Structure formats: C-alpha cells, structure tokens
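Sharing a structure below in structure tokens format, with a few things to ask.
Which chain is which? They are A, B, C, D and E, in the order written, and residues in each are numbered from 1.
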Amino acid sequence: QETIKVGVLHSLSGTMAISETTLKDTVLFMVQEQNAAGGVLGKKLEAVVVDPASNWPLFAEKARELIAKEKVAVVFGCWTSVSRKSVLPVFKELNSILFYPVQYEGEESERNVFYTGAAPNQQAIPAVDYLMENEGVQRWVLAGTDYVYPRTTNKILEAYLKSKGVKEEDIMINYTPFGHSDWQTIVADIKKFGSAGKKTAVVSTINGDANVPFYKELGNQGIKATDIPVVAFSVGEEELAGIDTKPLVGHLAAWNYFQSVDVPENAEFIKKWQAYTKNDKRVTNDPMEATVIGFNMWVKAVEKAGTTDADAVIDALIGVTVPNLSGGFSAMMPNHHITKPVLIGEIKDDGQFDIVEQTPGLIVAEEWSPYLEGSKDLIADWRKPFSCGNFNVKTGKCGGAGQ
Amino acid sequence: MTSSARLSRLPRVLCAALALLFAAALVQRVEAQDISAALGQLTTNKYDDTEAALGALALSGSPAAAGIVSALADGKLFFGGTPPRVFIEGTGGALLDPLTMQPVADAPAVKPVRVNNRIRRAIDAASGALSLVSLDAAKRREAALAVGRSRDEAALPALEMALGKETDPKVKSAMNLARASILIGKEGITPAERIAAVELVGAEGNQDALAILRSVPESAAPEVKQAAAAAIEGIERNLALWGVAQNVWYGLSLGSVLLLAAIGLAITFGVMGVINMAHGEMVMLGAYTTYVVQEVIRTSYPGLFDASLLIAIPLAFVFTGLIGVLIERTVIRFLYGRALETLLATWGISLILQQAIRTIFGPTNREVGAPSWMSGSFEIGHLSITSGRLWIIVFALMVFFALLATLRLTRIGLEMRAVTQNRRMAASMGIRTNWVDAMTFGLGSGIAGMAGVALSQIDNVSPNLGQSYIIDSFLVVVFGGVGNLWGTLVGAMTLGVANKLLEPYAGAVLGKISLLVIVILFIQKRPRGLFALKGRSIEA
Amino acid sequence: MSTSPMNMTRQPALLGTSGIIFLAVLVAVSVLVPVLNLAVAPDSAVHVPTYVVSLLGKYLTYALLALSVDLIWGYVGILSLGQGAFFALGGYAMGMYLMRQIGTRGVYGDPVLPDFMVFLNWKELPWFWYGFDMFPFAALMVLLAPGLLALVFGWFAFRSRVTGVYLSIITQAMTFALLLAFFRNDMGFGGNNGLTDFKDILGFNIQADGTRLVLFVLSALALALGYVLCRFLVRSHFGKVLVAIRDAETRVRFTGYRAENYKLVAFVVSAMLAGIAGALYVPQVGIINPSEFSPANSIEIIVWVAVGGRGTLVGAALGAVLVNYAKTYFTSGILAPYWLFMLGGLFVAVTLFLPKGIVGTFYEWREKRRQHDDIPDEPLATPRPAE
Amino acid sequence: MLEVQDINLFYGAAQALRGVSLKAEPGKVTCVLGRNGVGKTSLMRAIVGQAPVAKGSIRFNGEDITTLAPSERARRGIAFVPQGREIFPLLTVAENLETGFAPLKRAERFIPDDVFSLFPVLDSMMRRRGGDLSGGQQQQLAIGRALTMRPKVLVLDEPTEGIQPSIIKDIGNAIRYLRSKGDMAIVLVEQYFDFAKELADHFIVMERGAVVMSGDGAALEDPDVRNRIAV
Amino acid sequence: MTATATLAPATAELATAEPAPAAKKELTEALLYLDAVTVTFDGFRALNALSFTVDPGEMRAVIGPNGAGKTTMMDVITGKTRPDRGDVFFDGGITDLTKLDETQIATLGIGRKFQKPTVFENHTVLDNLRLALKGQRRALPNIFRRESAAARERIDEIFETIRLTEHRDRLGGALSHGQKQWLEIGMLLAQDPKLLLVDEPVAGMTDAETAQTAELLRAINANGHSVVVVEHDMTFVRDLGVRVMCLHEGSVLAEGTLDQVSANERVIEVYLGR
C-alpha cells in the first residue's frame, strides 16, 4: 500500500539529543495515533527518521535527503535556530514544508516554514508582566547563553522594560558560553545585584546544558524564589527531570503549555503518551505540545487540500485551527505562526509546574518585533495574492525595510 | 532587663519554664481575637486573600495559627465544601479540623490552598512571627532572621513583644537587628531612631546590610541619609576586599573541579602517553554510577541517602576502573608506541560509550541529589563558602595526594613509571608489563570515575557530560606540564583562579577567551608547561 | 660481496601508481557526475540526483581538508587539533562574500547590512566587512585569513619550539578561543546562526543545478591540484627535511636546517589548503557557523586521516570520503539510533586491524610482497668449528 | 643451562638470524663475536624474548622458553644489559636499580653491595635521574641494574661501550668474579677483542646472521678468528 | 668551507664582545676558543671553568672519566647547552657561539657526531646522506632543488668510505648499532664542516674498523679540517697520534701527547686505572 512519508529531523545524538529526542518520539507517537485513526487521505503515514547529530551542516544535508531522496510530504524538525537557518534554503529550494516547534527569537517568516513554538511576545513579555505585577519586581537580571535567541529576546525585553520606566541601572545583562558550568561568580553577582533594596528577578534565557549547574549553584548559594525569583524560557519538565527541584520551588517558567495543565484533553494525551512510551513517569513539555499542534494542523490541512502537494498544503494551512492541550484552540495565522495562551508556572518540588497565571485569551505571534528598529514596520502575510513574509507597511513594499 | 540577664544564667529548665509562661501570657492577651475570619479568607482561592489571612493569623496568637501556617507551607492545607471550610491534612491523608485537629466526619471534596512566591514570603513572615516565641532558642533566632529578611512591618509588634521577653543574648541581637531592618524603611519614626537602626544594621557589614541600608526612604531626614551613605560606603570598601578573596575562593573551587577532571588524564595521558579521548566518558560513567547508587538507595534504603556519595565513590572507582582495564586489554595494548593511533581508537570508544549510555539511560539529564552535608553554605568573615564546593576541594586534594603517594612510594607506582618510560626494557627487568599497563589505565580511569561522582554534584548527568570536560582536562595537563602530577595540581588551580579573576572584568565569554590566549602565550614562554620535565632525555 | 648496481637517481615519481589512480578517479568522477546528473533521465538507474552532487561536493572539500592535515601531520608530525579553524576562516571569507551578494534580498531588505546586523541594530558595516562584496578580494582573503593566522601562530610556536602534544593542545585552544569569539554576536559574524541564506555566487544562482555542478567540479579540481601540490612538496628535498623534522627535529637543527622555517612553510600551505576547502564547502552546504571551529570537528579531521592512512595523502582523502559517507549512511534509516556504535566501532576496528590506516596498510602489504631480502644473501661460508 | 638451538629471526621480510645455536653454562662465559650488523644483538634479543624467533628453540634449565614473554624469562633469572643502555630516563638511579626487584622475593629486595663496589659513581648519584647521567655512567647503571636481579644468566651486549678504561678493567674483573662464583652463566657480546679473549670460555663468531665459527676460549688465539672479524 | 653568505653579516654583528687582551692572541688564532666555561645542572657542575683552544687544522683527542663533561663540552660548542659563564668563540674570535642557536652554529661549519648514534630513522640511508650533504639549507629554495651530479658523486664517495653501499635503500632505523655509527660518520663527512666534533666514534666497532676510523679521521684532518674527538679506546687514540687532553670533573686535568698524559699519576688514578 502506498504511504505518505513524514520526515523527522531531530538530533538523536550530540549535544542537542537531550532535548530533541523527545520530539522525535512525539512525531512517531502522532504518526501511530493517526494511522490508528485511519491515516490521512486513506493512506498510512510512514515516519522517516534521520539523525542530524547536532551538526548544522548535517541538518541541511539530511533535510535534502528527506525531501529529495525520501520524498517526504512534510518535515517536523529542528530545535536550535541555527539548525532552522541551516535547512531553510533547502526547504525553499525544494519547496517543502517544515514544522518548527520551539520558541525562538522571531524576526523570520518564511513561506515553507510553520512556526508552532512561541515568538518572544508569546512567552517573554507576559512573563515579565507577571513579575512586575505580581511580585513587584523593579530590578532585572537578563541572563542568557550567548547566542541569537537570548540576545534577541533580551534586546526586546530591554526595550520593553525601558518603555515601562525601568531605568538602565536596574537592568543587568549577562551572557555565558554554551554549556557554561561554573556559575559561582555570576550567581554571586546576581545576589549582589539583588541586594540593592529593590525587588529583583532573573529572566533566564540560559540554554540547555548550562541550566542544571546554574540551578544547582542557585540552590547552593541559597537564593530562594522568595528572594530573587528566576523565570526561565528554556526550562521545562524535561530539563527539571535532571535536577533535584526542592531548593528551586517557586522559581518560574513561562511557556504555552505545562504538563500540569488541568484539562481533560491534556490528561488524555499524557495517558496515551505514557502508554506509548511504556513509562508512566515520562513527562511532556511545551515543544512537544507545539509538535502535536503542528502535526494535527498538517493533517487537517492535507485533508482540506485533498493532497500532500506542498503548495496546496501551504495555502490550506493558514486558518487551520486545532485544539491545543491547554483546553483551547490554536490557529495558524497568515504569518505562519500560531495563536497561543501564555502560562506562567512555578516549579514544584516534584519537578512539575504550578500554573500561577494564564493569559485570559490567545496571543497572536509578533514575528517581527515592534521593539526592534529594523523590524517594527514589517508584517508577514502569506495569503494569496499578498504572499509576503516581510512586508513593510511604511514603504508599502514586500522585501523588508529596504528603500 | 538586668533581671533577664541574670535569668539567662539560670539552669535551662527554669528558662524553658519561664518562656512557657511568657508564651501563655501572649496567647491570653489575644485570645479574644477570632481567627475564623482569617480561615474564611483561605477559602477564596485568591492570593490576595491568602496573604491577608496569613497576616491575621500571625497576629492572632491563636494556638492553632502556627499549625495552620506550617500546613500551608507544607502544602497540607485544603479547602472545600459549602460553605467552604479549611482543613489540614493529617497523617494518612485524613482531613482534620484546623482548630481542634480532630478528624472531620463528613469530609467534602477539597482543593489545596495555593501558594506562590508572594504567599511563601508571607508564610515566612508569619511563621517567623509565630516562632519568635518558640521554646527553642535556635528557632527563635531563625525566626528573627527570617523576619529581618522579610522586613515585614506587620511583624513589628510581635517582634517587639518577643524582644521584650528575650533573654538569650544571641537571639536578642538577632531580634534587634531584625527590628532595625524593619525600622529603617518604616514611615513615621524619628530620625534618631532611624539612625540608631542604620548604625545597628551597618555594623553587620554584609551584603544583606547593604540592601537594607539602601532602602532608607527618600523622605528620610538628611542626617539619616548621610549616616546610611557613610555606612554603605564603609561596607562597600570592606566588601570589595572580601570580594577579591571571594573570587580567589571561586577560583580554587573551579580549580579543584578542573583538577578532578584532569587528574585521571594525568595518568592515562600524562604518564602512559595515551591520547585518551575517552577520558571524559570515564568521568561520565562515574557520574552515572552515582545516579544508579542513588536510585537504589532511594527505592530500597532511603535512610542511607546522605551516605550515597560515600558509597558511590568506591563503586565508581571500581566500575570505571574495570571498564578502563577492559579497554586497555582489548584495544589500547595493541597501540603502545603508537601514541597517535590511540587518539583514533579512544575517539571511537568515546562515541560508543556515549551512545551506550544514551541507549541505556536515555538522552536526558538524570537527577543526582545532594546529601545534606553537601548542601547549603556558611560564612567565614564575609567569605561565603558553599559546603558542596568545600568538599569538592577537599576531595580533589585527597585524590591528588593519594595518587601522588601511589606513584612515588609504592612498588606498583615505580613499575608503572618504568613501564611507561621503556616498556620493552621493563619487561626484561621482570616487570609484568601487561598487568602493569592494565592497572595503570584502570587507575587513571577509576580516578576519572571518582571525579564523576563529585562532578555529578555540580553539573549535568547526561551522556554529554564527558565532552564538556575533555578540552579543559587536556589543557590543564598540558599547561601544568605533561608527566608531572604537581604540574597538574598547580595548573588546575592557576587556571581556575585566573579564570575567576578575569571573569568579573571580562565577563564569562571574553574571560574564557582571554584565558585560552594567555595559555597559548604562556606555552610560548614555557614550551613544556609550567612544571616542565627537564634533563637530557627530554631535550634529546 | 655482491653489490647490486645502484640507481642513484631513483626518486619516487611525482605521481605514484596510487596517485595516478587517485587523479584518474577524480577526473572520472568530475566528468561522470555532471553527465549523469544532467543528461540522464531522473528515473534512470544511473541518474545522479542533485542532492548526491552536493553531497559528493561536500565530501571532496572534506577530502581537501584532510589532505591539508596529512601534509603537516603525516609528514611533519604536527598534530594540529585546530585545523578546523583554518577551514572555518576560509569558509567565513567566502560566506561574507556570499552575504554581500544577497543585497536587498535579505529579510530586511537592507542593501548593505546583512540581516543579522539589522536586527542587532547595527547602523553601518564594520570595517572588516569592507571589500567582501568583490569576489577577487574575498578569494584573496580565503587564502590570507587562514594563511596569516597560521603564519603568526606558527611563527611564535615553532620559534619557541613548542612541539608534540603541547602544540596540539594550543592549536586546540586556538580554535576553541575562535569558536567562543565567533559565537559572540558582537564580533560581527552573525553569532551562532552564522552566515546563511545565500543567493548568488558570481551572479549565478547558488541553488541552480548548474552552479552546483560547477562547484562540484571545482572541488574535484581543487582536490586534484592540492594533491599534486602536496605530493610535489613531500617528495622534494624540502619534503625530506620535513620528514626528518618529524623523526628527529634536534638532529635536523644540528645539520644546519632551520626547522622552524620548514614547519612554518608547511603549516601555512596547509592552512591555506584548508581555507580553500572551507571556501568551497560553504556555498555547497549553504551555511557557515562557529561550530566549524569546535575542537571536536578538528579531531574528526584527524580521525579521517588516521582511518585512511597517515602520511599517504591519498589515504587522507579516501578516509575523509569514507568516514563521511559512513556518517551519511549510518545517520539514516534503521541504523540511525545506533550510528555512533557503528562509527565508533569502525574507528576502533581500523586502529586494531589496519594499524596504518586503509591505504597505509595496503602499501605495507604491497611492500612486503615485492620486498626482496635486503640483508645480505646467504652466508658466505658454512659454519665450521674452529680447529 | 641456556641452550639456543638453530634459531631463525626476521625483521619484517629481512632475515637477521639463520640457524644460530649457542650454549651457555654456569660459571662459564660465552662470547659472541662478529662485525657490525651480523646479528649479535638480534641473537641477544631472541634470548631475552624481545624479538620473536621464527624457527628453532631456546631452552633454559631444560624448560622450553622459546615463546615465553620477556618478563617471564627475566623472572626465571635471565638478565639483560642491552646495547644502547635503555636506562629509564626519568627514574632516579636508585629507582632504576630497584626495577630489578621484580623477580625477587620480598626479603631479597635490596641492592647488592657488589653493585656499588663495582661502580662507586652510582652510589654518589642515587637521586639523580638516570637520563641525565653521562653515557658511560648509564652503561654502569645498566649493568648494576641487571646485577640487582641476581640473575642466573647474564646477557651482556657490548657492556664496555663508552666506558672509561679503568672501569672496563673492573668490569672484566667483575665478570671473572661472577664466573668464579660458579652459578651464573654469562653471555657476552663484545667487539673489543682483547677483552673478549681474556674472558671467553666459549665463543662463537657470527657472519651475516649465521655462526661461522665456534670453540673454546683458547681457540681465540687462532689468528683465523681475528681475520674473520676484521674487514 | 665558509658560512653561507646570508649568515655572515649577522655573525659579524654578534661578535661584539671583545675578549680580554691577554687571551687576544690565542683567540685570534684559534678556530675554537673556550674560556672559563662553566655549566651547572641543578647545582651539579658538569663543566668547571673549562678553557682550551683548537687551532685551525688541528686534531685533538679528548679523554676523561665517565661524567667528566666531554659530551657536555660538545653540547656547549654546538649550542645545545648554554653555559652559565664563560666564552666560546669560533673562527678566530669572530663569532660568539653562546649567542647562536644550533642551526646557526651548524651553518658556521661545526658538525657533530653524537655519542648515541642518531640518524633519520624513517629515511633511507641514501636520503640520510642527501640531507646531510653540504648545500642549500633554506626552506623555499629546497622545494625546487635538484640533485647535482657532483652531489651524487660525493655521496658515492662517502658510501665507499663508510661501506654501507649495499644498505643504501634501507631505512636508517633498520641498521644495527654499529652501522648507524658509520652512517652518522658519513653524514658528518657529507656536511663537510670546518670543525668536526666526534663523540665516541668507535664504540661498538671491531678492532679493524677502529683502525680504519682512525685513518679516516687522520685523512680528514690532513685535508685541513679541524677535529675534536672523544674516545675511551686508547688504541684508537694512539692510532690518531695527536695531542690529547684529559678532562676531569669539568676541567682540563692534563694535556700533551698520549704518552705524556697516560703517564700522569692523576690520569692513571681517575681514568686509566692500574
């Protein structure tokens, strides 16, 4: 029987395997579920898994292999922005579809990519708002790993905080290398910065491996959430599984989904997922939800278009709405990003999050940040005949800010 | 007050009895107050109400208040039913009435009273206020410190009341400090009072004092502000000096981590000459051994948790040592005299080990907990020292000296050195080179495994753990001078301290870059490292 | 004593048998692949799809990179754990040219500034980006950037007589420092995301099949020329001195050769070859990012050379292609979860069973077969007891 | 005691020994003579096990040790003073000597006085690294190291190379002394003909990897032998 | 027999230190001039105020107990070891050797044979000689160098002398100990230096070879080369028939003809034995 091939492009080895392996499993799980439900367009789905091994050029090579050799109809993949940037030209050249499920820095909207993770305004800004309103934070440490996502996010946050009247001297920005493991000095600096008599919080865009030693050092130096709360954008259930969270209770994370979301859809999903992985402790997390949403959107769009042909599916995707796992619906917007609720959670001692705040409605992604000089006039709208990812509302032209 | 001073010299029993009396008096005075209003506020599922309820509870003096607050802190406070009521979860999950602590007959469906950071702070303040009258002096002191930290004005009356009754001088000074901390930021007190508070807090001279002093309100009298500014300046100057010492400490602590990571390599690479790319994986295996040990302890012998690292150390040594012996016997032994090929083989082995761990344990981090004696921190002067780091330094030095002694003083040590310097001749001297080679590689690997136990305390326990240490390890061994253990020690500490002294100026990234450049330049000056082996045989 | 007449001028030919085979294969490949890609119907069994072309092109640049390592490791004994840095610098030089060619087609449409500069709010092009809009300048920098770094680094290191593992580790420190530096967005090279989304090269669409084929053929050509150059170097008197330095550097000095200069020349040539490899690599894979500087990458290059056979040149190139093919092959399909076992096992197996690498072991075997007994023939007299 | 029978030895494809036989008996010195490159060192390596033989056998006290590891041969009492000294360069002189303890019982693990009376310079340099010694000092250390093993067979490959005349005399006396004790077999490779002549009980002369002459020490007076060795 | 042109200005510039007047005559006449050279290793004095000169065209034998400092002396002359104190001049005081590195010294025309034979193990015997052969030493020109007929002839000659012709295509590392000794002597000849420093050339050679080596060195010396040779083999030293110098504990103990020196009580005591 003929099948529809679905590409899975997540690192299963190397430094990113720690995060991406779960997403590979998620796609496989979704494929199995869909096949059990009869497949798509009457055909079974077949997942094609490759391992780009946390190696960016290999991502491009593997993307090409999936599309050109394996002839997959769609690819779910990538975690880091650089891997996405690396495969982007391939998807454009070979006109295929990529679903990207991770929160990222924005500043991008491409015809062949669908972004189901959060843009900065769907994660960072609500988190800062929460801290300002609920914790009365006046002083801010923006700590991040030195790469594009934290840099951009912090740039946006800095502009945002200043627009809210936060003074220059009340913002401390700190960057560390990938995999930074000795946090003694920085944590001490944070402690010092936080002892200026104003309520202080840390906004962390620290990436992956560096988080465990960071939180361990926080615990060791006795920084409690009640003193200086840390809100993180890259720490979810999966990351916490590797840390003893007792000293971290009360620190926060902002996501669009938590495993602890208390709705029947989520309970159902977790149950199936744990059954699928044969592990009743297996956690779920936000990028997984984004993968699930993306997958379901693709299925729906294919059925709507009646074909897996990329052009048709790309057009059909806009406007597709599927249930998310937090009890609502997410829609694919013309800018190829989706609408999401924003949730703020506090770390509990069992490694789960206590959801302390949820935005009342869904937030639409600002793929082009209004807080950045170069992008504040840009919008994306991929509906025909407009079809432009970087339309300049000032000049009225597609193609960025160029004169 | 002189009487209380004398009282403090009375036998303990008497003291305790008196404290009881005071407490009873306190309770009596406020018994009239009703805490049912507060209980009502706990059923609205709103943080604002919960916070208000906590304030009321703290001041109520009700004997039940402390129980309710601590139940909230422990997540054992629930509400439910119509009209909503509050319950405390007792042992075995039974719902108890918060006032009587008796099981309720018709328990409704309940939800926990939710807690967030704001509430946690309020809990701290409330339980602080409540334990200010505890019988245990240590607890009272803790409570005073907590109140001081929270600087919650609401706690002031309770604090002052407790202060009036306090006899223990240590507790008393803590309470005074707490009071001063609150007063500094309080509206409507006289400048003199505020100055007194500023001086009291200023005398503490630490980071917390700085924070408190900075909270002198804008509206305060000029002389108060002046006093505060002077105190701040003094503290800052003093702390700057301590800051250097602190950085050196951080450096030594980083150095000890580097030392631990490098020391096994100093054997397999420094002594044996194997370019051991799988060294990091040996460290990783040690960390996973710790994980497994802790898992077994958690599920089967929870009481032993605090000893888990002590159990893991010998096990990690033996386990990774055996893996090392296995690798030596199956691969490395065919490669002696071909140092460069060992790079290829050990690189392959490192890939295999990483993937093996990934297959067995999954790609994500594993949780390794800290035993109680490795958690927390203490101060020496204004030097903040975390226990975990201190133990790691001690452990690194112990491993170092044990190894040094083994190599220098024992027969096997001599044979190891002889074999690695001239394998063929060593054999002709009757030394069983196969055995010695296996033992040497096993020793180096075993030490790497022990390092893994320590590193599991501060870093990720993931399949990538080893990779993040391999570059630094080689750098340390080479910087110190290959084949010289002292070089590894001094090299590790130098790099650690240099890194930490650079970091405050250059930042973590530029600091690291500068350090690498410095090492490159240093090697130009001393092409064979810090503790270069000298002599004819080397220069030939 | 039977002194066989000696041929004094016996000097290995510029191209040995294996060299000729190697070049022949390269020529064949660079003719066949374009033909099979363009002229054969896509559904034909012998059709070479475009993705294979760019894959092969990538392998060829890796082969050139491996060759550059073999020149210094195999013949001078310099185990550079930082060769990836030269490759990356060459790649960045090319990447900068390609970035400038984007023009207003970037997402922000800025005619001068690359996208990453726009969103970091940079107002003007940093000075070190000047000139990269011109291909000849960029091409020059492809050679100069790695060459100069190698010159300065080597000049210091070789003069100070940093050798052996000390040299290896400081080369590693060098590439690691560059890795961290290039990660920094402030450096002006695009940070972790690097340089990507290229459009044109010399006016040709970089994604067009034709361009790919040309790049592929150029890579083959560069590899061939690189091979001939290395071969020419190592069999010259200069090359003999290199080998002598590898085996007994002090002795070479006492013989009157300035060993550091010899090493420096080899090191710089090798760095430039690596730079060329990087420059050809970038347009074919479409991205250059700081991970190319990562020490693990440089170690992998060493591994390719060791697999193919150190000190054989052909082996280095072969090793690069083989290992990377293995990587491509193992990372797909059912083997994907186990590919590190495969690759790791391959490395261990090669060290154990082919101790001199594939080509090295083959040479040895061939040598053994053709070797006649060198030690003087039969004893002249049969033993007899004295008296 | 030690019996080498008809051994062949190859380096790669090149044959270095062809059917060589040799006997060494306790209390006797067996000298191996021959020009450069005839295989003397190869023969010694074969005896101590540093080079594998392709054919033939080596027996020690009746036991076949042809395939035994070098360390096991040393443990049975075969000590080697190699050509080129092979000192452990980074071990001190004392430690170099102590490497010879490996085959000994705990009670015997001390350095015999003979070593220091024979080579007093070693005593004064116990803490210096072996690799720093002068060539001749290293040669003395190498002999001392072998003696520390209390060997039953002492294999000496050109032991007088680089040694000052007075000590050569001492070494000659030492060999005579060891021989006189009667329990040690000595195999001596020597180019220094007069030295060999004075010590040899037996000798063999090698040429191109084969034994071309052999006989009693007395036969060394035969000018034919000298001619064999001369060019 | 002269240093290459490129080196000349540099060396002239380096020879700034004026030697003391008393020593001036000796200095300007001597090919090699050592004055009060002291070398210590971690407090141990290997050379102790060693002074001597070697005249152009002179051959000098050096004897002395093991550890007397003979090899160290050669290390100092060839730039391998830097003296703590003292002067080392070459070529009539033009060049201060303590300021030059090994390569520069070798280029000046000082060649050395090491005590432990060191040859290029992975080069054929022939290539070993080619590398040693006097000629272009600079890196870039050597890329395009072609071997001249004269060079080929010279190598053939050397092969005759060292009798390794049949081993010419074997690797240096595969030679026996004695063969390496010969190869190294051959390499020294190929370098054609002004001054040959020969450390224990006949160790491991048969008596006949020893005699030949003596003859060879005499012939070289007769050709105008200066030679300093260290040996413990008295027969060999006698065959050389040159001035002998006995070192002891880092300084000169006795000097003269072999008969004179070997009659010296101290020399007998510390070196020759009774």
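As a working rule, a residue touches a chain if its C-beta (ideal position, glycine included) is under 8 Å from a C-beta of that chain, and two chains touch if they have at least 3 such contacts.
Note that this is a predicted model, so its numbers are computed, not measured.
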{"item": "Chain at the geometric heart of the assembly (C-alpha centres)", "value": "C"}
{"item": "Identity of the chain that, by mean CA position, is farthest from chain D", "value": "A"}
{"item": "From chain E, the most remote chain by mean C-alpha position", "value": "A"}
{"item": "Chain centre separation in whole Å, for chain D relative to chain A (CA means)", "value": "75"}
{"item": "Computed distance of Cα centres, chain C from chain B, in Å", "value": "46"}
{"item": "Centre distance in Å when chain C and chain E are each reduced to the mean of their C-alpha atoms", "value": "43"}
{"item": "Shared interface positions of chain B, touching two or more other chains", "value": "354-355, 467, 509, 512, 535, 539-540"}
{"item": "Touching two or more other chains - residues of chain E", "value": "41, 80, 116, 174"}
{"item": "Sites on chain C at which at least two other chains make contact", "value": "180, 183-184, 250, 337, 340, 374, 376"}
{"item": "Complex interface listing, chain E residues touching chain D", "value": "41, 44, 64-68, 70-71, 115-116, 163, 174-179, 181-182, 200, 203-209, 212, 232-234, 270-274"}
{"item": "Chain C residues within the chain E interface of the complex", "value": "1, 3-4, 6, 8-10, 232-233, 236-238, 240-241, 243-244, 246-248, 250-259, 261-262, 264-265, 374, 376"}
{"item": "Interface residues, chain E side, partner chain C - complex", "value": "78, 80, 101-103, 106-107, 111-112, 118-123, 127, 130-132, 136-140, 142-145, 147, 152, 155-156, 165-170, 174, 187, 191"}
{"item": "For the chain B and chain C complex, residues of the former touching the latter", "value": "269, 275, 277, 331, 334-335, 338, 340-345, 347-352, 354-356, 359, 467, 471, 474-475, 478, 482, 509-510, 512-513, 516-517, 519-520, 523-525, 527-529, 539-540"}
{"item": "In the complex, chain C residues that touch chain B", "value": "73, 79, 156-157, 160-163, 165-166, 169-170, 172-174, 176-177, 180-181, 183-184, 250, 295-296, 299, 302-303, 306-307, 310, 337-338, 340-341, 343-348, 350-352, 355"}
